[in-house]
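Structures are listed in the sections that come next.
You will see chain A twice below: alongside chain B first, and alongside chain C after that.
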Partner chain A sequence: MIPTVTIAMAVETPRVGRRRARSRTRGSVLPFVGVALIASMLLFVLIVPLLPGFDPLAQDLSRARLLPFADPAHPLGTDAIGRDSLSRLAEGGRTTMLIALAIVAINLVLGVTMGLCAGFFGGWMDSFITLVSEVNLAMPVVLLLIAIASIVGPSALLMVIVLGCTFWMGYARVARATAMSLRDRDFVLAPQMLGAGAGWTIRKHILPHVVPQMLILAVTDIGVVMLIQAGLDYLGLGVQPPSPTWGGLILEGQKTLRIDPWPAVLPGLAIFLVVVGIQFLSQKFTAEGTLPLRKVR
Partner chain B sequence: MTKYVARRLLQAALTVFCVLTIAFVLGRASGKPAALMLTEGATEQQIHDLNETLGFNRPLLEQYLDFATGVLSGDFGNSYRNPGVPAITLIAERLPATMTLALTAFAVGLALALIAALAIHIRGSKLLRSLFIWGGSMRQSIPDFFFGVLLVLIFSVGLGALPSLGYTGPSSFVLPVATIATAQFVLYVRLLDSSLSEQAGQEYVRTAYARGKSHPAVVVTEMLPNALLPVLTVAGLNLAGLLGGAVIVEQVFAWPGLGEVLITAVSQRDFAVVQAGLLVVAMIFVIVNIAVDVLYSVIDPRVRPS
Partner chain C sequence: MSEFVVEVKDLAVHFGRAGRFASGRVVKAVDGVSLELKRGQTLGLVGESGCGKSTLIRSLFGLTPVTRGSIEVFGKDITASSRSERKRLGTQMQMVFQDPYSALDPRMTVHEIVAEPLRIAGRYDAKAVAELLDRVGVSAEMAQRKPSEFSGGQRQRVGIARALALKPEVLVLDEPVSALDVSIQAQILNLLAELQSELQLAYLFVSHDLAVVRHIADEVAVMYLGRIVERGPKNDLFTAPRHPYTRSLLASAPVARPGAARTKHALAGEPPDAANPPSGCTFRTRCPIARDRCAAERPALGADTAHSAACFFPDVAAREMATV
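Entry: the complex of A and B
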């Protein structure tokens, strides 16, 4: 259900009316709120490991299931086998964010390469990429990952590879369109006339034109990928225990939901804050909700 | 028109072919299945014998053709862990529960989105639009399964009003459907809002006002039918994702659907079952999308390629 976010955004790609959007969001504080949210979550996952007593794996059954603020040594309490919730939350956040970044980086490189080649060369390259998108859409990433995990066993690396290879279509689509619109321009044709190779021409003269759009897309995608990744961790298909992730922590916390909801709620809240932060930030680049409404007569 | 349908069918056949090939390659990439099916202590000879009986020692091309014709005639092979049980049986038992959940949630989400989009445009209210779209975006920033956990916390643990686990009657539908439907809502309210806004500037809308139609009548009878068309396409493309997402949400509510079978299959390394599930979902997706495309070109002649 989440992958469709990317599709929907492609359907209403907000390139049009960009100027109007800018003037509308100029005074907006939302992007700053977004940056502040993301920065504070980053600080949280980076600073907590420096605190004394940080250990996401140490068990202490005598101090299991402490509520938040009940014990100064465990500010957010402990889980069912007495592991420190604050440490696990920070460690889980670090893992979750790092993995999301790795996945988006792979998507970005793969998508830009495929898109530029398809747009620049056209022909069978182009048809091939269309076919890959079709096949990709027909196989939900959750099922594909389940299929491969049922052969080799679930692991974080497998999740990174599968997600890394299945969410690059958005980048490819935009890169392809740009490459197609530029390939017959003089500044692209001239170096080729002088003997420059296709690879060099693409790198030197077309790539710089797609980088800004790609980075904007990548920022938005980090949120999308984090949501999917959390779902997969929750199913037990991603990072394997005892390493904590936000999705995995929710799964653990759900078992004791009736006694103590905090272990499930806090990591969920953390995911929400990061994803909302990214949404706010990407408001700076999109023109959502700026289409005119017809006046009621 | 016939040519268009033929080309679309060809494209679909190619997609099915690719999906089949990927499934086959995945299944064989890890070696011959017998090693997975027998216990750890099995001897080389036992593994070889089982591979021989199951036909895994034959040339790959021959196996592939067998596999492909089998799948196309509904034979997906047997489960590795439940000897003699066809993998498709395990899937077919659970698929209806997942489909019912996903489609109910889709219908509820779409209906809510339709009401919201009509309200925005009939009232011409920017406030309503911000409310729905921002509310929706906030909901979208919460992972679906976590939203489900929150609903359980509030309505089952807190209020004790609704069942949270398994299927115990129609009220069991409420929480899982609410979880998926709210996620679907955002997608469609955005889409409907932007396509209604697009229609608002068209000449035919101005003409309708000139004929003296009231604003609500113009929105509902003139703009809406055109604005609904993109929904058809997006809903078709969204289908695979909808089912994939339902599999995750099912786990929150212990829903007796595909999710449980598939997760068990992962822990038992039962690739045959997962493969059947993947192929069935992919084929449903391909068929539904052909139907959508053909339907679309019947409803809206403009998209027919000349």
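Entry: the complex of A and C
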């Protein structure tokens, strides 16, 4: 009797385990909440500018510091000098997201290029790129930005350039590791035996394996970059007033925080929702362990 | 032009550097190998893992810098060839890899994989790709699929099609069937034999499977620790091996008949460290008939005769190691 039981268990156990593992990843609603959050924030910043009465810069001191829902012309109220909060929130969101995308795009291109070169060529190129990236990691970005901004003056462009050139190391590291693991595979050697150059080999046989991983990293990074960028805007190192950004709006709203918290709370809430949405979405990738480079065997 | 399509002369590939700042450990992965491959013939290259077979092949394709010696393909030395020369070389000599799972890019379709050599050479032709796939027995409707949907044997067929894309006259086959099931092995070997007679291909067939080499090769060279220790026509070498290493290899091959007598001279132990090889004959540490002379001098491979062994005592080997 005993052997039968043992066999039954041996057959049954893995199936149950598998079903549980599946329900843990697939059943999670968080990624969908994340997508919904991101999508609604995107819709918000895209649709509000189309509404009548949209103007993030027009001042009306007679209607300053209106509370949300107090005036149908200003659904979210107005700030200390009577600018429409809804318009500024949407305009600021658009700027903030665009800048975050620009920074991540620069990081992505820079990091992938550096990582692929380091991993594929190895040798001194690898040592050099690793050194540069470590120096970069050790550098306090905010101090660097303050230093440069004190010389050339703060601007959105400067922030994009500085952040774009200082957050590429994560991409480089993953791209380098993948390139190193692939460079001695036969399918990477084969074209080189035909006289294909390094450019061809990297583009055709290594880059396609790296891109999916990079996109996952990028999605996760957009949230992080948005937070940093909001912090820098708040410090006055990024986009300059009167153009609104979420970080900048918090800076302005903070001055009247005690008497009228809304101008600071609303952009804070917006940042929170987008970043949380991105985190929820990126959980999907990490939960499934989707390192998209499928084991070839 | 000589009668040889590929002629390797005294080739040496050493890793690590001797010198004041170097570690001083030099691994002589290939050390003084000479090989000749005739048009339309198959040369079997046999040896256990780590003997330098793969390094030898890599150096044929310029993936490993050569320390000494020359490699002539159709009479032209390729050891210091530029990239454009290497492109031309690709139209003469191609390679089929051992592991059909890592030889094909998992993200490309089979059509793209076979088309790649043509694209690199700048003469892509979809019809030619279809013909190649048809010739190796991969059906047209499979062409748009990824390698992951193929079996090992089918993948190896795709690998062969890729190797044939530029119509080379020489194929280097690096253990092309060792990763396959036995029944599939036979199919691939038959395909290779058909292609050889059809296209007058010369094969350099690298393997550690003596039965396979015996089946497909015309001539056989046996490699041990970076050197060729015996070479000769297939039948001579298999029926009357002259080097004790070859004898041991043959003796260690499994016997098909149950209860059949096994010889007592199956190979024991590991090959010595290639960075620190024994003096004299490198095989003497595992050789059952080693004498004092073997430690003092290094036996050379006779260049004059068709069948020769790098051993001082081939007759002793024949007498003392005869199958029981």
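Methods note: the second predicted complex is superposed on the first by the 263 of 297 C-alpha atoms of A that agree within 3 Å, B and C clash if a C-alpha of one lies under 4 Å from a C-alpha of the other, contacts with A are read in each partner's own complex, and residues count from 1 in each chain.
By our rule, a contact is a pair of C-beta atoms (placed from the backbone, for glycine too) under 8 Å apart; a residue touches a chain by one contact, two chains touch by 3 or more.
Please read all numbers here as calculations on a predicted model, not as lab measurements.
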- A:61 contacts which: chain B (first), chain C (second), both, neither? neither
- Query: So, does A:194 touch the first partner chain B, the second partner chain C, both, or neither?
  - Reply: second
- Item | Which of chain B and chain C A:29 touches, first, second, both or neither | neither
- Once the shared chain is lined up, is A:149 touching chain B (first), chain C (second), both, or neither of them? first
- Item | Touched partner set for A:43, first chain B, second chain C, both or neither | neither
- Message: On the A-aligned overlay, A:73 touches which partner chain: chain B = first, chain C = second, or both, or neither?
- Response: neither
- Check whether A:185 is in contact with chain B, with chain C, with both or with neither, and answer first, second, both or neither. second
- Between chain B and chain C, which residues of chain A are contacted by each of them? 294, 296-297
- So in the complex, which bits of chain C are touching chain A? 61-63, 83-84, 86-90, 94-95, 97-99, 101-108, 113, 116-117, 120-121, 148, 162, 166
- Message: Under the stated contact criterion, what part of chain B meets chain A in this complex?
- Response: 11, 14-15, 18-19, 22-23, 26-27, 29-30, 36, 120-126, 129-130, 133, 137-138, 140-146, 149-150, 152-153, 157, 180, 183-184, 187, 190-191, 193-194, 197-198, 200-201, 205, 209, 215, 230, 234, 237-238, 240-248, 251-252, 259, 262-263, 265-266, 268-271, 273-275, 277-278, 281-282, 285-286
- Of all residues in chain A, those that touch chain B in their complex: 1-5, 7-8, 11-12, 131, 134-135, 137-144, 146-154, 223, 227, 230-232, 234-237, 247, 250, 254, 257-258, 261, 264-265, 268, 271-272, 275-276, 279, 288-289, 291-297
- Item | chain A - residues contacting chain C, complex | 185-197, 200, 204-205, 208-209, 294, 296-297
